[in-house]
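The following blocks contain the structures, represented as structure tokens.
Next, two complexes with chain A in common: one pairs it with chain B, the other with chain C.
Presenting the complex of A and B:
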């Protein structure tokens, strides 16, 4: 590891995002340390997904800066962000619906694969070895997430809960340093949620991946995360351990209070 | 009534009565069909990678042929002219990505489709401006002679076209199914956002796919041009590629080939045996009627990805 290993993995420093007259994020700062699981919570429209989109390069802030592993990278485009080692899933599941589960997960390895166009096309020599090596890694993830039975199924035909799991598998295939999960448990039943919870913790334990997730289910958030950041109307109103956040008055007013009635 | 029925059935007797001639008709149909396939292939490539129906594919064929002929006419040896034409098509791909596709990222497909219609007219005009509007003879050294094989007449040019098409299709099919870039292309076709998030640069992919479509257009241009001369009606063969695509499925490389073959053989048989019954010209509409039937019963085509819709 380089010297950067000492500092936080991701530093988001005072970023603001504007869509026309709407201020989606206002001077939000967030630090994520290596190996942490950080939850980003907040009422609907608070700017959680916008924050995730900024981190993964889909939106660019008009002020503030973002550093990853000690390097400034505020204005990178999504593919370049991915190349740095940040993988993500989407709120509305963005799988390649016509492709099989296996192929979907293999796409996650694209950045790990190099080789000449010609050898590739001929399915020859190093290209073949490379494909097989990557395939082996993907099989490991498939085992890990317990989706062996559906590996040949087109992703578009799977039930929603499994699609979310395949999307997680694709993100993991990239061996990311930072994994961004946008509502990984939305629309799942209790059992599926428990599975997903277990997978996230296993991923964290097994690969040491740093994880930032957006989630609405408070039980899940409190169980999973080391730290919770709370957004409301585009501002960060709290940041701390689950216990601290649970007792925070601003949070209770804005959000948790409404849930406990 | 029974007389009409008899007239419709009579061609079957003709087929049985002269099988050699029948084989000749089929061979002719296969060759014609492969020519359609070559054009359809260009459509499929771009559709697969960007979900865009590239209306200008036919004109790209014309443009490639015109460039090649123009360069040969200026005294360049055929191989040099060919390499230069390839270069021109790749440059064209870069220009299209920069000027047309990039500003329209994330727009609905219909907008991109409209843009390719514009591109169609632009390229047609550019080709005419640069190389003139006369019909030109394209001769790249493939002899247009025929020989006999077991009593069946086979044209050398058509045979070359068939072999070229077969090789091209095999390479492309392997490329799409097995390789890293092929997988990236399919990913981009499926979901732009997700493709970006796993590190696929859209711009590069688009340049690659339009370049490949441009190279396929050169092959199609050479074959068609050698057969019937390079002229502006060449861009109209795109219209024949459309039913081929509906038959084969818009995103299937093998589909483009099989679709082309079915239409090529079907229309030749129809024309030769049943044409006289209706005064001929079946060849002109057969493909479209077949395409209509497919749209009714199998809208995704023979090899198309099944249309899944969740509500």
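Presenting the complex of A and C:
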């Protein structure tokens, strides 16, 4: 999958994160190639979400560096990271509950809008053209994720599985190069999970988006990912294809519980 | 109708005429990307032409069959026309068919091409290709998810049209020449009827059949080119074909394809159709959605709405039965109109409806009355695939509760000695494809045997009692019309489907399917927790709820001298929904009694036994065709009061 010539899309090199006395991540390195689907797994508290938060600029590491698309960007703030082409969804759905699905997804386009307050208020000229173009793009995503029927429904009224899908839609609206999904299938039933898997694969196939996801459902992880990285107590203990990871002794110990010295 | 129009004796010729005479008039719309995308008659003709030329580039021969599978899409209607233009026969297939059914029809119809909507249908066809040796090319419209498919038999519709463009340039005049070869008596379509018994049969209808009946009915209703209809019923059903294709082309009005199956009700509101068609199950589900919302209102509003609806129904009942309406009710009516009927009509998207039909099977009188009372001109239509739909229609101002109206022009109706309805019309089909035996059983001396029992009343209105073979008798010899009881039960928002049993039995019993939305909503408001359909269906409270509904039906039967004995004495609620995938109901949702009786024989025996529980093991078919077994413990309850009598 990886195109060697272009180099990896994301390089995380030896980063460590500390919350007070707690070492959440310790010298973790990870490379994600263009067009890959990489799963990050590990027991609870292993540091998966922290890693995602570091990549999206929410936390900053005290050592190590991060490069995205060949550019060093260890200390950017979240909006700047988003502008670079990284979008994410959250473990606990973070939608604007009172807003319609359509408006929620439109917020994902905000980065692409260059507005002037006056023109926007008058809905005139370039402001109007821009809004229409963005709406057209959003409609393509709505069609793609098959959520036409809930376009005008307030997000808070939707069942959980659909809210997750709307969150994915909002992330896609930013046209990301790298999509970070934090437990996209948590709390879903089998059917919703199958749908979500199909959508993730379709996003990957149709838009060529690189995807990093955290997931607990091993069946899903093994089916979806090209590569799996395993974290345990803030350290990366394995990294390889699903088959390699499945047989890895350190991973088995971490999950099944081995005696730690 | 002028001479040119008379010469246009096939649908492609008529489309060409429409494209010449009203090139800029909208022929078909589809809601896509949130916007109603319009196509004019010129687009209709041009797009169909490219599809046809694309098919021709694959060596399409006259008489070839083309399977068409998918939701209502302009592209698929164009595919129908393209096939007809080349002298081929389109064979639309229900889009929710499981692989087995799809394979049976595609093979039986000897389809050489298939034009389908999306990946879902492609997957099904690729799976069963071994059983359809004649199938050569599968053309799909929506390319989504198809990027990794490399099978050489697959072509996208876009690529097909591109090939068509090239083929057209190399063979100028080919399409027009093929189109002109078409004749009125060519088979225009083969509609496979799902049938409540046995394997599907392919009814062949000619251009002449469809054009004559479509035109007669349009004239009788005074349809004009400005009508709008919503094309949301399966394309494989002859009803959709006649309304969205045949009549749209004959009259020149616009067909509107909804965005997806889930958005039909909101699309209905946006389009505001003037001509609307729905089988009873759709009317039932609209009614259920209204009743559920009324239940959610605060009590003053609920009381007001209920009172207005009751008033409207009382007035409408008087009108339909030809009795005078009391003055005080007439005075109250405008108030109900302003407060309830008009806003509700608007909310349902039926404000502009001039003419609406219910057909496909009998509608419960209460459901019919409900919509009539809102001021929606719903009329009953009696028709069959084999008659190109139209047999009788209720005329405006001559609508009755219990009849299906008078014959449309050029149709003759006659009742056989055994009570079976026979008719003769220019719409009588050419026969069942590759099944002369079944054709002979259906048509004798030009008269088509409908299989329905009925009679003509003093004013020439046809009244259908039931499927002839379904009307039976209880062990004591009294009459037992199952459909009639079931429709009464289904008026309740809580009952989705019901099967009544009683032939040669001492009394009547019922298997009931609850409506998950309505009962779920009801349970939520009462704080009754449930985990699944099966769980909900077996709650004691739900049994009480359904018993109440059955008692209501029994009370109304009590009033009828003939049907007094057909009151329901025992019932059970099924642990799963009747499903076409399990062959319990047809794709148009008619109960297949034989199958149900065989499959639930243990439950039915228990209904006539003493116990209050029964074990059931039912095989279910998942959407991908795999099967599994659901086991459940089903309660059986008596309807008190009836037993005591």
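One rule holds for everything that comes next: the second predicted complex is superposed on the first by the 250 of 261 C-alpha atoms of A that agree within 3 Å, B and C clash if a C-alpha of one lies under 4 Å from a C-alpha of the other, contacts with A are read in each partner's own complex, and residues count from 1 in each chain.
The definition used in the following text is that contacts are C-beta pairs under 8 Å (C-beta built on N, C-alpha and C of every residue); 3 or more make two chains touch, one makes a residue touch a chain.
A quick note: this is a predicted structure, and the numbers were derived from the prediction, not measured.
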item: Partner chain in contact with A:207 - chain B first, chain C second, else both or neither; value: neither
item: Touched partner set for A:143, first chain B, second chain C, both or neither; value: second
item: Partner chain(s) touched by A:151 [first = chain B, second = chain C, both, neither]; value: second
item: First (chain B), second (chain C), both or neither touched by A:233; value: neither
item: Larger contact residue set on chain A - chain B or chain C; value: B
item: First, second, both or neither for A:82, with chain B first and chain C second; value: first
item: Contacting residues of chain C [partner chain A, same complex]; value: 32-35, 144-145, 147-148, 259-260, 262-263, 266
item: Chain B residues touching chain A - in the complex, by the definition given at the top; value: 171, 174-175, 178-181, 183-184, 186-187, 189-191, 193-202, 251, 305-306, 308, 310
item: Residue ranges of chain A touching chain C (in the complex, touch as defined); value: 135-136, 139-140, 142-144, 146, 148-149, 151, 198, 202, 205-206
item: Residues of chain A defined as touching chain B within the complex; value: 56, 58, 77-80, 82-83, 87-88, 90, 94-99, 103, 106-108, 110-111, 113, 115, 117, 120-123, 127, 131, 154, 156-157, 170-171, 174
